[in-house]
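One structure follows; several queries about it will come next.
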Amino acid sequence: MIDFVAPTIDWAAVSPVLVVLAAGVLGVLLEALVPARARRSVQLVLTLGALAGALVAVALLWGRVQEAALSVVGGSYLLTPFGLGVQAVVVVCALLGVLVVADRPGGQDAFAPTAAAVPGSTYEEQARRAGLEQTEVYPLVLFATGGMMLFPATDDLVMLFIALEVLSLPLYVLCATARRRRLLSQEAAAKYFLLGSFASALLIFGVALLYGFAGSVRLGAIAEALAGQGASPLAGMDVLALAGVLLVVAGLLFKVGAAPFHAWTPDVYTGAPTPVTGFMAACTKAAAVGALVRFLFTLAEGMDAGTRHGVEVVLWTVALLTMVVGTVVGVVQTDIKRVLAYSSIAHAGFVLVALVGFSETGAAAVLFYLLAYGLATVGAFAVVTVVRERLTTPVPDAEHGAASAASDTLLGEATHLAQWAGVGRKAPWLTAAFALFLLSMAGIPLTAGFIAKFGAFSAAVDAGAWPLAVAGVVASAVAVFFYVRVIVLMVLTPPADELVPDGGAPDGGAPEAAGTDAGPDAGAAAHAVGGGAPTGTLTAAPAATRTVVTVVTTPGPAALVVALCAAGVLLLGLLPASVLDLAGQAAKFVP
Amino acid sequence: MTFPWLTALIVWPLLAALATALTGVGRGRPAATGTGAGRFGGTAARVVALAGALVEVLLLVGAFTAFDTTRAGEHQLAETHDWIPAIGASYAVGVDGVGLLLVALSVGLVPLVILAAWREQGGDDSRLRRYLAVVLVLEAFMVAVFAARDVFLFYVLFEAMLIPAYFLIGGFGQGAQRRYAAVKFLLYSLAGGLIMLVAVIALYLQVPAAERGPRTFLTENLTGLELGTTEGRLMFAAFFLAFAIKAPLVPVHSWLPDVAENATPGTSTLLVCVLDKVGTFGMLTLCLPLFPEASRWAAPFVIVLAVVSILYGAILAIGQSDLLRLVGYTSVSHFGFIVLGIFTFTSLGTSGSSLMMLNHGISTGALFLVAGFVIARHPARSQRIADYGGLRTVAPVLGGTFLVAALSAAALPGLATFVSEVMVFLGAFGRAPVAALVAVPAVVLAAVYVLLTYQRIFTGTVPAHLGGDAAREATDDGTPPLEDTVSRTREDAPVRDLDARERTVAGVLVGALLVLGLVPGLALRYVDAPGQVAVELVGESDPPPVLGAQPVDARPTEGSLS
Amino acid sequence: MTNPYVPVLVLMAVAAVLALGGVAASAVIGPKRYNRAKLEAYECGIQPTPQATGGGRLPVKYYLVAMTFIVFDIEVVFLYPWAVSFAWLAGFGLVAMLVFLALITVPFVYEWRRGGFDWV
Amino acid sequence: MPITNYLVLAGILFAIGATTVMLRRNAIVVFMGVELMLNATNLAFVTFARIHGDLTGQVLAFFVMVVAAAEVVVGLAIIVTIFRTRRSASVDDVNLLKG
Amino acid sequence: MIPGVAADFSQDTFVTYLVKAVLIIVFLLTSVLVAIWFERRVVARMQVRPGPNVHGPFGLLQSLADAMKLLLKEDVNVTAADRIVYLLAPMVSVFCSLLVFAVVPFGPEVTIPFTDFTTPAQLTDFPVAVLYVLACASLGVYGIVLGGWSSGSTYPLLGSVRSTAQVISYELAMGLSLVSVFILAGSMSTSTIVEGQQSIWFFLPLLPAFVVYVISMIGETNRLPFDLPEAEGELVSGYMTEYSSMKFAWFFLAEYINMLNVSAIATTLFLGGWRAPWPLSAVGDGVLNTGWWPILWFLAKVWLLMFVFVWVRGTLLRLRYDQFMVFGWKVLIPVALAWVVVLAVVQWFRLDAGVSRTVLVAVILGVGLAAVALVSLWPDRRRSPEHDDAGPGSEAGTAPSSAPGTVDAFAGGYPVPPLPGQSLPPSPRAGRRPVEHVPAGGAGPDTPHDDVEEGAR
């Protein structure tokens, strides 16, 4: 038997991922050992520290990677400049995302006190009143981030698969943990899970076919086999290879959220707790696109003209379809989170446009695009978390016959577009930031989104895919419509929500969800009000109860995130030079 | 290093806008409208904005002094800094004569617009404050876009301008359909702009990869590229489409009347008189030099379009019942003239067009603003021409200024527009006599719509809701101005003549029309050389003189026409 | 060399014959004197419910056991190959497996502390 | 028996699994479809390993099993949570989110 | 030769397989008959009563009579049952239990008398034989679960659920304890493992693992004190409540075969398999380890373990369900896990670091002694007098009878109930595991484990 040779591991190269995952593990341990009172702060420090550490590690590795890609354990972990670039984007977005997660607008975070409790049960109510918090969220976010960082940094398809699962599984769980609209949230998690696991099954079957074709799961080896240099007995079966490539691409496109694999996106984005949605939208997309680039660009080296053409046709179709679906369906949405979800689909299409040429220009453009999109998205969802419904109950004072000060209870997010009317008057700065994010997503010049789209379309034109670029341009024009519609609503339309009476759910789309949502909280309101008041007051009160839209102005981490993202979006729009340089450096994707 | 006049001109309005917005800081005393007017009250915003705009005018004067008219064909006051080296874009500003005139137009009109808007926005101070701030932001963009010497920068500003413009139309308009108009405007412009984006990218990629540097996007670097015929024509088409939408040429003009109808007159002034000049300015400074071959190839089509625009705009203007919409259609007609002049490829036509851009701005601005004054006098602010009559008798100054402004739209000799229109005609006769001949009736049509409108509004009997015959007495007894909400619904509201503020606005514009009409040389010094440069760049030479016109360099001849 | 699994198949066949045969035999041989009470479910003499308690579904608590089991079963799955080639993998394998075990221990501790192993 | 038969079997199983996912509405059944797909993958891996005469495929099958187990844990948790709330595991009943 | 397997099956033919298979079945069936008799007799002895003694000598034929009776019983199929599964379940159970012996080595190579045909006393063996055993055992649970579930009745359902939880809980501990055997033997083939126990039987160096295995094997087979799935006092008859006739017999049979199975595996993996015990193994230069002798040793060991089963049953009380699960998860698994780590480290020292066995044993003994000393000397805070003074109502441990109002129930040598006005002292076990009071709203099987008090801590 051959002697076993222990591999030498370049720990420095793995450090960004390692720091994050180790912190995740440590977080679980802390969750078990630290008393509940201190958990949140400890977890927060750990999480932010780990992500900051990962960022530092990425920065330290940057120079080293430029010289040569770092390969660990024979390519199971392969750090290319591009991979490192994606890791940087992921970490930055995750850092911002975690801050939003940590925010407690109105004193409560966005997560269920105990996600396992049956919605509406006594037990849940007890937990809520005890002020419990599900601090497991932080380790979960860390695990997901770790998976995302691993995703684009491997040469090994099975590692790719595992990274996919490591990033997906925590996200499935996170989706189910919303504090309000829990049924919606659980449903979103179930859908995400079922479709997600379906996609990963497709991916792994594709991997199996590629393994059969090349006799290896290393991308490099597969590319060689495609080029006809492999020694595999099945190397002649190009059908196997093409089917494998397409299945893997399908799995990856699912995570990217490209049509026709986009069906989960709107539902999941709507149902998941908003901070998680922001995190997920920004980071997952970045990681998945990174992996897609890694996979396709490497294999494209070895493909013959026919296979390559086949893959390109698929990419073209998907990109076109994605842009069309994202923009056209997005136009008719009435829920802000769904609007953002469809926008994310459309963006997936734009990113795909950038990479059809399999060129370094494309890779650089993709990186910049991911960063620009990530900042805008995290920021936008952070804004969504603070625009809330408020239940106002004027408490009539029976003795004096006059209504005293109204008592307020903060409800869930006001996600229906109609409720966003006139938000601009309530919170001008927040609205300005949100408008900036939307304009950036629309690709209006002087924002990051424009430079990003410019890069993406230039890459496409450069690769000769100018019809795709034109289509992208047209899609952007349509997309502008729905972004601008939201801005109009916020800035130009007077608020109309004062007229919405309580009782009927203000959110017409989801009566049941709103019921379970408002139910316990309304009860809580009654409790809060009824501290020492006679019951008569309580029974009289609901008649005057109204739901209004409010913007939580308490300065929390989310406000910081919004400010940072807005600054980032503007800065990337006005002075993108240095970041573009970095993206250019990171565009080398093949060792 | 000389003083960066252009950068100052760009940055100052932004600062002024910020200052204007900041006057709203704090709750202020609760105003009647319920919205806080800010700690400094409502007037502060007006004063700050006006002062900012006036300082900007001073800066403009400085820029003029620094501009060397003997080299008007070259870009002067130039500044170039790296901006995004990775994609070859730089911050490069500089103006030739035409650019400078258009900058002047923007800077000059803004204080007038601010002054004209003094009592607008329904007495809502915070709304007015925002309006003024946005106007100032738009001013910065307009100056920057006329000064941009980098295609990428130009494009960025070209698109970025849409956002403030959109808010001006949709947010502060007065028409019932203002949001529809705003969206229409935005989508038209964006569609054109985005198609242009593809061409911008494609153009950039025509530069051989080895030669792409941090300043590739500079206009001079992109000029004279070896383009394939098809590529060149496609890119030309994309650029031209964007500019044609902006400077409304006929098939894609339909947003303009809607906007004119629904926006405030001030907004329309900025939009139609300045912003849309970006379109023709772009044709002149980008389409021609970048794609000479394609320009020559497309010239016949463009000329046809231009002529159609001229006639179509004029004819439709006659049929309009809405005053502002009518002004909008006259502009369509005028833009036709400008485009016609540019695509004659004669230095006479080109410089005539350049001049006409300036003159049209002043003339149409005057028309819009004065029309705004007219409308402000209607108790229900009706824009229907049929709702007016006999105003000449009750408001003679108003009638007079309107008449001058209207006649300038019809290019009456002695007014500024006449010079430029004649130059365009002369240029067109040299290159495309048929087109010129076909366009000539437009002059007659213009006279028709101008006079017809004047007649319907200012002559005849005063309708009852404008105060009827008793109006003259009522005007003098010091009743509060019509703008006040209290008197708005009164059936017998009297009509008073222009007050000092309005006289200032109208006076400046009418004065400018007269001065430029009588001494066109003042402006011609700036447009002649760029016109020649443009013709050279497009690879044509001036045709032999036709119809006894003097050679191009005989500038005194042009002057003598006054 | 024959396939070492063939004998297993043979044994399976014999076992299957036995298992089936026994039940079949009793069905044939045994008396058949049914009545309704005999065919009802047994509830210690009281009237039986039409269905088992909880709709015939397993209580949720057991899913927890099942999930925990899966986690640890996976651990064992990895331990076996490592154990078999322990000598070959030497120090590297040991360290790797210790890390792995430590990682598995973390959720174990977590579940323990959170009462996952407490049956009320 | 040629070894490619195993591949065909794997393909058929995979197709059955995929069809189940797309056609059935019960969450548990859909989930089982996914599991079937994963197991088909395992079969393919092992068969390919046999064809190539190396162990990689078998090791990969291991990994897939582990991941499948992890998916089971998370998936069952989510489905059970929903079931406790709604007393049903049909995807059709899960309809708060349109489209 | 099969790679990785010590035994040599190269001469075997299909006929050999068939004969061996039938022999295994016959062996198992007779063994079960004997085992039932054996159990009843031994338990009876322990309980000072005769046990079966009517049919045949010493009542040996009692089991046979029972079997015949079952065969002739009426075959009742319950109406509420899910028919196919209901029928299938007992067959699955017995089928799976019959398969395990395929890889158990009864002995080394034997020569068939009157021929020169040599074959291992084992049906077959392969490199992952133990995995196969575990697989069969796990599949066997399906019989129980499906049987309980398909009966459509409450008691069987509860029984089957318990059975699942029990089996999977204890299977982990069992699997972990096997790891140490594989580390020592470097193989999962049964014959190779027996081969590896030439010098020392594994139960000695792997004593903790062996103990864990024995405990969990009792749990695996649902035997007292772990017979919760069929606890008569609680669940009538557990998962087989609704079964009668041969279907019931198959469950019964499967349970006893499983006992034999786990005993045989324990023998093979820990007790040296067919090897003769120490003094005998030295006789005649190991002659007792050849020929047919090993089968004797093997059976002896198996039956020794069977005796342990019976002994435990006769001695211990059935655990409460929660105690049972807590024991499995909180004691057995951590211990097994810790043992694997310790063994792996020690083994690494031995193999790679070159530390000699003597030194190792000395160090381990030293560490062990130190640990024991530490544990015994560690101040027990809970029972310490200071603590007792501080805590109200915790004077139980010091002097129960001294407290006023409490009565020493055992004062007369046998327990008596307290009279009115008297109260019993708190149970000495009460301090060990404080009973957590859960509010009524939070109790029940479907409340999350992270209860409110815990979380608010």
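Letters A, B, C, D and E name the chains as they come in the text, with residue numbers starting at 1 for each one.
By definition in this document, a contact is a pair of C-beta atoms (placed from the backbone, for glycine too) under 8 Å apart; a residue touches a chain by one contact, two chains touch by 3 or more.
Per UniProt, the chains are A = NADH-quinone oxidoreductase subunit N; B = NADH-quinone oxidoreductase subunit M; C = NADH-quinone oxidoreductase subunit A; D = NADH-quinone oxidoreductase subunit K; E = NADH-quinone oxidoreductase subunit H.
Remember, it's a predicted structure, so these values are computed and weren't measured experimentally.
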> Any chains in contact with both chain C and chain D?
Replying inline: A
> Ranking chain pairs by contacts, what comes out on top?
Replying inline: C-E
> Can you give the whole-Å distance between the Cα centres of chain D and chain E?
Replying inline: 34
>> Based only on mean CA positions, could you tell me how far chain B sits from chain E in angstrom?
In response: 94
> Where the CA atoms of chain A average out and where those of chain D average out, how many Å apart are those spots?
Replying inline: 25
>> With centres defined as the mean C-alpha position, give me the chain B-chain C separation in Å.
In response: 82
>> For chain E, give me the residues that contact two or more of the other chains.
In response: 446, 450, 454
> What residues in chain A touch two or more of the other chains?
Replying inline: 116, 118
> Out of chain D, which residues touch more than one other chain, so two or more?
Replying inline: 70, 77, 84
>> If we count contacts the way the header does, which residues on chain C are in touch with chain E in the complex?
In response: 1-2, 4-8, 10-16, 18-20, 22-23, 25-27, 29-34, 38-44, 48-54, 56, 58-62, 64-66, 68-69, 72-73, 76, 79-80, 83-87, 90-91, 94, 97-98, 101, 105, 108, 112, 114-120
> What residues of chain D sit close enough to touch chain C in their complex?
Replying inline: 62, 65-66, 69-70, 72-73, 76-77, 80, 84
> Which of the residues in chain D come into contact with chain A in the complex?
Replying inline: 7, 10, 14, 17-18, 21, 27, 30-31, 33-34, 37-38, 40-41, 44-45, 47-48, 51-52, 54, 56-57, 60, 63-64, 67, 70-71, 74-75, 77-79, 81-82, 84-86, 91, 94-99
>> Could you list, by residue number, the parts of chain C that touch chain D in their complex?
In response: 60, 63, 66-67, 70-71, 73-74, 77-78
> Considering the complex alone, what residue numbers of chain A touch chain D?
Replying inline: 115-116, 118-119, 158, 161-162, 165, 169, 172-173, 176, 182-184, 186-191, 193-194, 197-198, 200-202, 204-205, 207-209, 211-212, 215-217, 232-234, 266-267, 270-271, 509-510, 512-513
